[in-house]
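What follows is a pair of complexes built around chain A, which joins chain B in one and chain C in the other.
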Partner chain A sequence: MELLVVKKRQNYIAMFFILVALLSYGAMEVTGFEPAQALIAIPQAIVWSLSNFYPTMASIKNLPAILIKLHETVFLAIVATTTGGICAMAFALLSTKGVPVFTVMCRLIASFFRNIPDTVWAIVLLLSFGQNVISGYIALFFATFGFLTRAFVETIEEVGANSIEALEASGATYGQIVFQAIIPSCITQVVSWLLFMIETNIRSSTLVGMLTGTGIGNLFNIYYKFFDYHSASLVVIMIVIVILIIEAASNHVRRMIL
Partner chain B sequence: MENVFDATVQPISLMSSWPKLMKKDKKGKIIVHSTDAKQNVVNYTLVFLAILTVYGIATFDYKKIFMSKAITDTIQNFAIMLTEPMAVHFTYAEAFGQLLMTLSLAFLTTVMGSIIALFFGLLAAKNLTNKKTSNFIKGGVAIIRAIPTVLWVLIFAASAGLGSVAAIIGLSFHGIGYLIKSYSESFEEMDEGIIEALKASGANWWQIVFQAVLPSSITCILAWTFMRFEINFTNAVAMGAAAGAGGIGYELFMAGNYYYNIREIGLITYMVLGFAIILEIFSNRLKAHIK
Partner chain C sequence: MAFLECIDITKEYANTIALKKISFSVNKGEMVAIIGPSGAGKSTLLRCINRMIVPTAGDVIFDGVNFNTLNSAQLREQRRKIGMIFQHYNLVNRLSVVENVLHGRLGYKTTFEGIFGRYAEGEKEEAFKILARLGLEEQAYRRCDELSGGQKQRVGIARALIQEPKLMLCDEPIASLDPSSAKIIMDYLWDINKSIGITCFVNLHQVDVALKYADRIIGIRKGEVIYDGPPCALKKETIHQIYDSKTGELIMD
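On to the complex of A and B.
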């Protein structure tokens, strides 16, 4: 009997792998991707990077311009995260209030914003706001809002459920429940999510900047298109340094609060 | 007699220790909120973020934009986009073909990424290798993850030429970093006793991996992989638009930046949204199954 179960499980696993292999084959046909080419491309890319993609003395003089744009991109990410976080918190509180209409509405709206990629927002906003930091901001804001609403709803449901019930039983008003139970018990998780989102948003704001012609993404694009790979590599190095610093800082905070 | 004496003394000694437990403010009111170090760090972090936000808003270069006009334009654009989706420069069949292309890019990226990440994830798990190897891999992963996906794609495009190879390899890097981290974390959650028991019975490393580690964490791995598939799909759309990697993202870029066609953007948005929601529902089911 047990052997049969094991055999059945093995069959499932085999079927799963065959399915994945077939789908991969189909995907390769559609995209024209050849694994052999990919194997050649990696050493090729390493050789190319070592001979072209490094900063030179000439590119160092672009550093002030890079730092100004990097400053803009980093702060774009932070502002989009905090403002998006505040709206997401309001929506998460509304959707956990227990009124079914609110819950469904809030979740639909959040799902809508979460599932439309920031790329789409950036392109649409570019048409009305032009090459402006605001188009990037709104694109990031929408994406952040959608993502954090889901994260906060899950946090509230996980952490706050017991204390909400206890306070409801003792006759507390909704405001009291929010400020005495939900926010105090969720705040560490919320801070942790915000820090995570800032890291993610710095990467996204590079992409959004590329699309909307602002910030460090656009600067990279310009260097890249004019084949100034030395300056482009300096941009990459600066982004890596900033992201590693922010990651280290937020990990430090996370270790202290969680 | 002694017992009675004790009973009268005890409450007094307890009373004297109360002020240490209950803090009072200057007016003599008992402070109900805890003011421990944790809470302070949370507060400082929030205040710090608020200051950074205000500073950011104050120092952005807004370039004298006409806000009211831009906002009304945006609302009009959104309204047209969402209510009148239409295909102009391509047929519906072509659009589906491009969506399939993006989906295929995401799928290949996920499959390739998960195979590579599985191997490195095993090496990065502290309970399966030594601390040194684990830290080395995790450090490398941190640097790989720090570089945005679009830059990976463009770097590969510069050496290998723009095409599906550059797109898939570039897309894979970030995904591999993400999966190594999450895989190794789920391996580390494993019961230490099982590994020890297998080691004691003389099983080698591969046997431990295939008989104990993989079977017990397979559901977790599947959930993480599927979540990555969702992200890869979004990224594949973005790479089409930002790096010209083909697929529906490229059509989106053309519609927005060359034809200025809001209706076409609307159609593409609905297609992407529809697929993203299907993927999310699948992923939620998978997660619920695991919990």
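On to the complex of A and C.
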């Protein structure tokens, strides 16, 4: 009897792998993706990168310009995250208040903003705000707001539910519960999500900048289109360095608050 | 008129009936234990009393007030007369013991005072007095996540006591505790009931504990009252009826 159960489970595992293989194959057929060609292309790409995509002494003189733009992009990401986070917190609190109408409304709005990628937001906003930093900011803000609302709702429901119940039973108002129970119990996760979002937004804002013609993304685009691969590579290296620094800093903050 | 009266309380969920027309009345100062198997509706019944769960039908009349007629501000005012303690303590773990105790005063504060935690000196003194009574004065400034289960439950009791409640609802207060901590908690509840005269409602899994501490036992099975009376009159057959078990299936046999 038990042997049969084990056999059955083995069959399920085998079926699962067959299914994954079939799905991958089907997807390749549909999209016309040729794995063999892709494999051949990799060495070519490496050779091309090594011979063209590296900073030279000549490109180093662009460093001040790159740093100015990078600074703009990083601060755009931080502002979009903090403002988006505050709005997301307000929505998350409204959504978990226990009034069904608010819950449904907040979730629908957040899900709408979350499910449209920030690059799509950027392109749409370009039409109304033009090529400037405002379009980039709003695009990042929308995407951040949508994502963080969901993350905060889950955090509150997971961490706060018990103490919310206790304070509600003692006759506390919702405002009191928010500041005395929800925020103290959720603050570490909330800060952690914000730090994560700042990292993500620095990457996204590079991409969004290419579309909205602002920040480091635009600079990269310009160097690239003028065949100045050496300066373009310097941009990439600087972005990577900044992200690593932010990551290290946020890990440090996380360790401190936990 | 009885101190607490429940009349035909019914709670229906989408496709199950959790409570079927439960009625009882309780006098001031009684220690009532509610026993019954898991899923019988003990927790639902307790939460229907302070309206943390809104019953589908029926009335709760507490201290002369019918809870059905209250708006949310009036309900909060009634709730501060009812202390509640929980199986999982439901403390804010990242705050200190005394901060958690003072949460019990929030019902008496304006929203603004509560948000900024502006408690009166007298309230703080009272908090320390209650902590001393529960043997926790040395833990007052420790964070709640550093405490043991038994200590956390005592903080829960302190938070309820500072409300100056007339009624205590205890939802399986000892279900997550080891036997010696469980005894300490039950002794404190007994003491609160006898010396301060606070009416207590305790949901319990352990029949022997209920028999030892309660003045009155209400046995529930599948949302219906099977037994309601003093512990001495509770027969073994009735216990088996409550738990749907046969002789020899329960540890007490």
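Everything that follows uses one rule, which is that the second predicted complex is superposed on the first by the 258 of 258 C-alpha atoms of A that agree within 3 Å, B and C clash if a C-alpha of one lies under 4 Å from a C-alpha of the other, contacts with A are read in each partner's own complex, and residues count from 1 in each chain.
Note that contacts are C-beta pairs under 8 Å (C-beta built on N, C-alpha and C of every residue); 3 or more make two chains touch, one makes a residue touch a chain.
The shown structure was predicted, so the numbers you read here are calculated from the model rather than taken from an experiment.
With the C-alpha superposition on chain A as described, chain C and chain B fit side by side in the combined arrangement. Applying the stated contact rule after C-alpha superposition, one finds that A:Q176 touches chain C and leaves chain B untouched.
A count of residues in chain A touched by chain B and by chain C gives the higher number to B. By the document's definition of touching, of the two partners only chain B reaches A:L207; chain C does not.
Contacts of A:T31 after superposition on the shared chain: chain B is touched, whereas chain C is not. In the superposition on chain A, contact of A:G84 is made with neither chain B nor chain C. By the touch criterion defined above, A:G146 lies against neither chain B nor chain C after alignment on the C-alpha atoms of chain A.
In the superposed model, A:V124 makes contact with chain B only, not with chain C.
Looking at the shared chain after the overlay, A:P55 reaches neither chain B nor chain C.
Shared-chain residue A:I187: touches chain B and chain C both. Of the two partner chains placed around the shared chain by superposition, chain B is the only one that A:E72 touches, whereas chain C remains out of contact. Once both structures are fitted on chain A, no C-alpha atom of chain B lies closer than 5 Å to one of chain C.
Across the two superposed structures, the residue set of chain A contacted by chain B and also by chain C is 187-188.
Those residues of chain A lying in contact with chain C across their complex are 162-163, 165-173, 175-176, 178-181, 184-185, 187-188.
Partner chain A is touched in their complex by these residues of chain C: 50, 52, 76-80, 82-84, 86, 88-95, 103-104, 106-109, 111, 114-117, 156, 159-160, 163, 169.
Interface of chain A with chain B (complex): residues 20, 23-24, 26-28, 30-34, 37-38, 41-42, 44-45, 47-49, 52-53, 72, 75-76, 78-79, 82-83, 111-112, 114-120, 123-130, 132-134, 137-138, 187-188, 191, 194-195, 203-204, 206-207, 210-211, 217, 220, 224, 229, 236, 239-240, 243-244, 247, 253, 256-257.
On the side of chain B, the complex with chain A involves touching residues 37-38, 41-42, 45-46, 49-50, 52-53, 55-57, 59-63, 65, 70-71, 73-74, 77-78, 81, 100-101, 103-105, 107-108, 111, 142-143, 146-151, 154-156, 158-160, 163-169, 234, 237-238, 241-242, 246, 249, 252-253, 255-257, 260, 262, 265, 268-269, 272-273, 276-277, 280.
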